[in-house]
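Shared between the two complexes below is subunit A, which pairs with subunit B and subunit C, respectively.
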Partner chain A sequence: MNSFDSNPATNSLISSEADSQRTLYPYVTGTSVVGIKYKDGILLAADMGGSYGSTLRYKSVERLKPVGKHSLIGASGEISDFQEIMRYLDDLILSDNMWDDGNSLGPKEVHNYLTRVMYNRRNKFNPLWNSLVLGGVKNGQKYLGTVSMIGVHYEDNHVATGFGNHLARPLLRDEWRENLTFEEGVILLEKCMRVLLYRDRSAVNKLQIAKITEEGVTISPPYSLKTFWNFSAFENPTHGAEGSW
Partner chain B sequence: MFRNQYDTDVTTWSPAGRLFQVEYAMEAVKQGSAAIGLRSKSHVVLACVNKANSELSSHQKKIFKVDDHVGVAIAGLTADGRVLSRYMRNECINYFYTYESQLPVGRLVVQLADKAQVCTQRSWKRPYGVGLLVGGLDESGAHLYYNCPSGNYFEYQAFAIGSRSQAAKTYLERKFVSFMASSRENLIKDALFALRETLQGEKLTSSACTIAVVGVGEAFHILDQETVQALINEFEIAGEEAAAPDQAGVDEPSAADDQAAPVDQSAAPMDM
Partner chain C sequence: MTKQQANWSPYDNNGGTCVAIAGTDYCVIAADTRMSSGYNILTRDYSKIIQLVDTSVLASSGFQADVRALQKVLAAKHLQYQYQHNKQMSCPAMAQLLSNTLYYKRFFPYYAFNVLGGLDREGKGCVFTYDAVGSYERVGYSSQGSGSTLITPFLDNQLKSPGPLLLPARDAVTPLSESEAIDLVKTCFASATERDIYTGDKLEILILNASGTRVEYMELRKD
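What follows is the complex of A and B.
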């Protein structure tokens, strides 16, 4: 992608005139978001880190936010693009409320709206550099979905972004069941977040867990996970891989 | 209504605060053939009289499916009705594309009403000459709305528009309290009875009417002719017990001439 950009001849074929405005690479990024369905609704977990490349620069970034009455969004990727997405969603919810009728946008509608936005931006070669998790409950129906920066979207009983797909999803495939209680859900999510903390270099040990039920949204205050570093694999990490560091 | 010096442009108010062009547009609705709508908690039935001009021609389409969950029956200038149906279909499709969810009827009718209002406030436009009975479903159940050329809209339990609609309205006024809890079959039956009222003694046959239904778990669709004829036969065999004795001119087709429809004495028709 970089060679195309630096070549003026191909530039005008791909992009619009205001080229300096396109997203080319992310700057401040959030790492994984993990989400599961449980008995009363949806649980999302995300840490509060905003990395600047390989520097763990910002440590109080809220990556889980409520959307309207029925939805919760979690974002990984470029934080400024997430802030932009929140502006779009705030406008959307405002317009929805201004109808002042008995109808309201549910999580499914918000998810699809976001999919359209992400895909559209991708088609203009100016993506919002995020992977989003959208969960919610409306009229007793639980909904959990995800959208990527290129517009790939799907729903499932458990979803994750980034590293979460590689480290958390396998755990969830084994241990997730229907109708987990809130406590069981939190234990499961913490298990996933702990593995991510050990293995993902962009993870920080300060996280929030958010829940959404028919009653509404609750986002926990930030807290830290207890970690255990006495595993034999951590004692001598290069044992069995001579020459490694 | 008589001609006067304030009725040439839609953008001219009369001293009494009326827009005559809009009122004339509503007259056009009254000239169209009857359309009736009724709803229960879970279903909406639309019915209309569909007489062809001559034996050689087909009859005009007056009921349009807008989406699986919404349909509309029109009275007045059918061409205007067709154009508005196309607008409604477009809005529903676009909403579904963005949200993968049905456009709530309540919002559709507001958009329709706002579109009609524009035509009452531009000197280079004229109001739409069609009244629309919009029947559809949303989260809160089944709804029936009436959209006026004036840009007003109202929600109804049951309503009738077009020529001789007063007879149908009289019938509906007697029965409407039971509609909310009515079954689908009874709702259709009441629609057929109401339709028959507008025929002023002529025999009701399936070739002269169109019935459409939408309900929870049932997409909007127009009933085919055999089904309608079967329903008509069923109700007529069951006798006319449903038609109360105080109904005027509803006996077996023995009435020779059509009676003139009662004249609508309305001071300002926009107060519908």
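What follows is the complex of A and C.
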């Protein structure tokens, strides 16, 4: 095991040839994912942006995907790593189906699997550069969890990744309650996504909301949020500028 | 000028505090349930305690992913022990296993600060305290984690622990009753919560004695 140093560019202990074998930094990234439990199941929201550094390169990236019959995954971070994770999950679900024993992996199991994958990659200093949200319902039990690129994981009634932790979680802590209706849940999520749109520079105004219940998964078609810029200070921004100092 | 690079650390500190107190025929193990990262609270309801054996309870704070992995490794090792020896591990045996498991990763440590509490083969309370790489000793009480600097001096004062170098060696377990010890633990956490930002939300207390295991909860300040 090489001793690690967090700046490989200037360190010669980790050779530059070996660097081509592991993730150093992300290229195309997705921003926040927000998820909540509601009366019938789970609601997830994510925008459709794929940023290439400061460029908004891709605007139709689907960051919410179903997993098997009982789960929904949302990913932020490196998009190619998310695609890799989807391949792992497809294999996992396939193997689960091949048992043909009437059993199927629930959201808790999928979350545990993802946690192990992320943690093991972190142990090898070659992380999957993602923060994942995993939600689902099985046998009436709702589950909502998250796992980060270094394997930190937890479940809660509401979760978020990235900027969502700073901007959405406080709103959810104030306004979330048990047994929200679908409409109330969507209004709450849209409130969070609107704040993220105003304040997260990597956010785009094109989002999807995904719902999972005992019946199954529904991912909405992409749509945009209304934004409000009618603040008097924005209307004439240079008013009073001359001679103000 | 070199290109700006994203940096990542394989470690994070998810905070929290753990305490354990050994009595003549009981052991109290407690930890808060707050999980943080930097200045964020990730969740207010995450347990840092795991009951590995009827007589051994592990409380760990630090980097949550490592703590969880450590818990799973110990649980797996204990299962194997049961298959091989047809009995459960004693608390001192689990203590040694934990030490060895931690030292195994001496050069890429589990960032976990552990307190192991339980009952020894005689039914007496025992507490073992660790550092991140497996150095350990049996003590009468211990505190680890972000609030330990606030709690340990208070426990030293209240439990009047005998010096470890005294001869003949004096018993480290406290003469306090079970309910007095539980009260003391609640006081420790209420105080630590006031001044340590990483400690709070809720307190989980496990009490081990001859009749089995009991759990108690107490609300803590959420700010």
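Methods note: the second predicted complex is superposed on the first by the 212 of 245 C-alpha atoms of A that agree within 3 Å, B and C clash if a C-alpha of one lies under 4 Å from a C-alpha of the other, contacts with A are read in each partner's own complex, and residues count from 1 in each chain.
One rule holds in what follows: contacts are C-beta pairs under 8 Å (C-beta built on N, C-alpha and C of every residue); 3 or more make two chains touch, one makes a residue touch a chain.
Worth saying up front: this structure is predicted, and the values here are computed from it rather than measured.
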(message) Once chain A of both complexes is superposed, is A:139 in touch with subunit B (first), subunit C (second), both, or neither?
(response) first
(request) Identify which of subunit B and subunit C touches the larger number of residues of subunit A. (result) C
(message) Going by the contact rule set out at the top, does A:109 touch subunit B (first), subunit C (second), both, or neither?
(response) first
(request) Based on the superposed arrangement, let me know which partner A:179 touches: subunit B (first), subunit C (second), both, or neither? (result) neither
(request) Check the residue A:238 against both partner chains and state whether it touches subunit B (first), subunit C (second), both, or neither. (result) neither
(request) Please work out whether A:101 is in contact with subunit B alone, subunit C alone, both, or neither, and reply first, second, both or neither. (result) first
(request) Examine A:230 and indicate which partner it touches, taking first as subunit B and second as subunit C; both and neither are also allowed. (result) neither
(message) Under the stated contact criterion, what part of subunit A meets subunit C in this complex?
(response) 1, 3-4, 6-10, 24-26, 115, 119, 122-123, 125, 127, 129, 149-156, 165-166, 169
(message) Which stretch or stretches of subunit C touch subunit A in the complex?
(response) 2-3, 5-12, 14, 35, 37, 40, 42-43, 45-46, 63-65, 68-69, 107-108
(request) Using the touch rule from the top, collect the residues of subunit A that touch subunit B in their complex. (result) 99, 101-103, 105-106, 108-109, 112-113, 116, 139
(message) Quick check: in the complex, which residue numbers of subunit B touch subunit A?
(response) 97-101, 104, 106-107, 110, 138-140
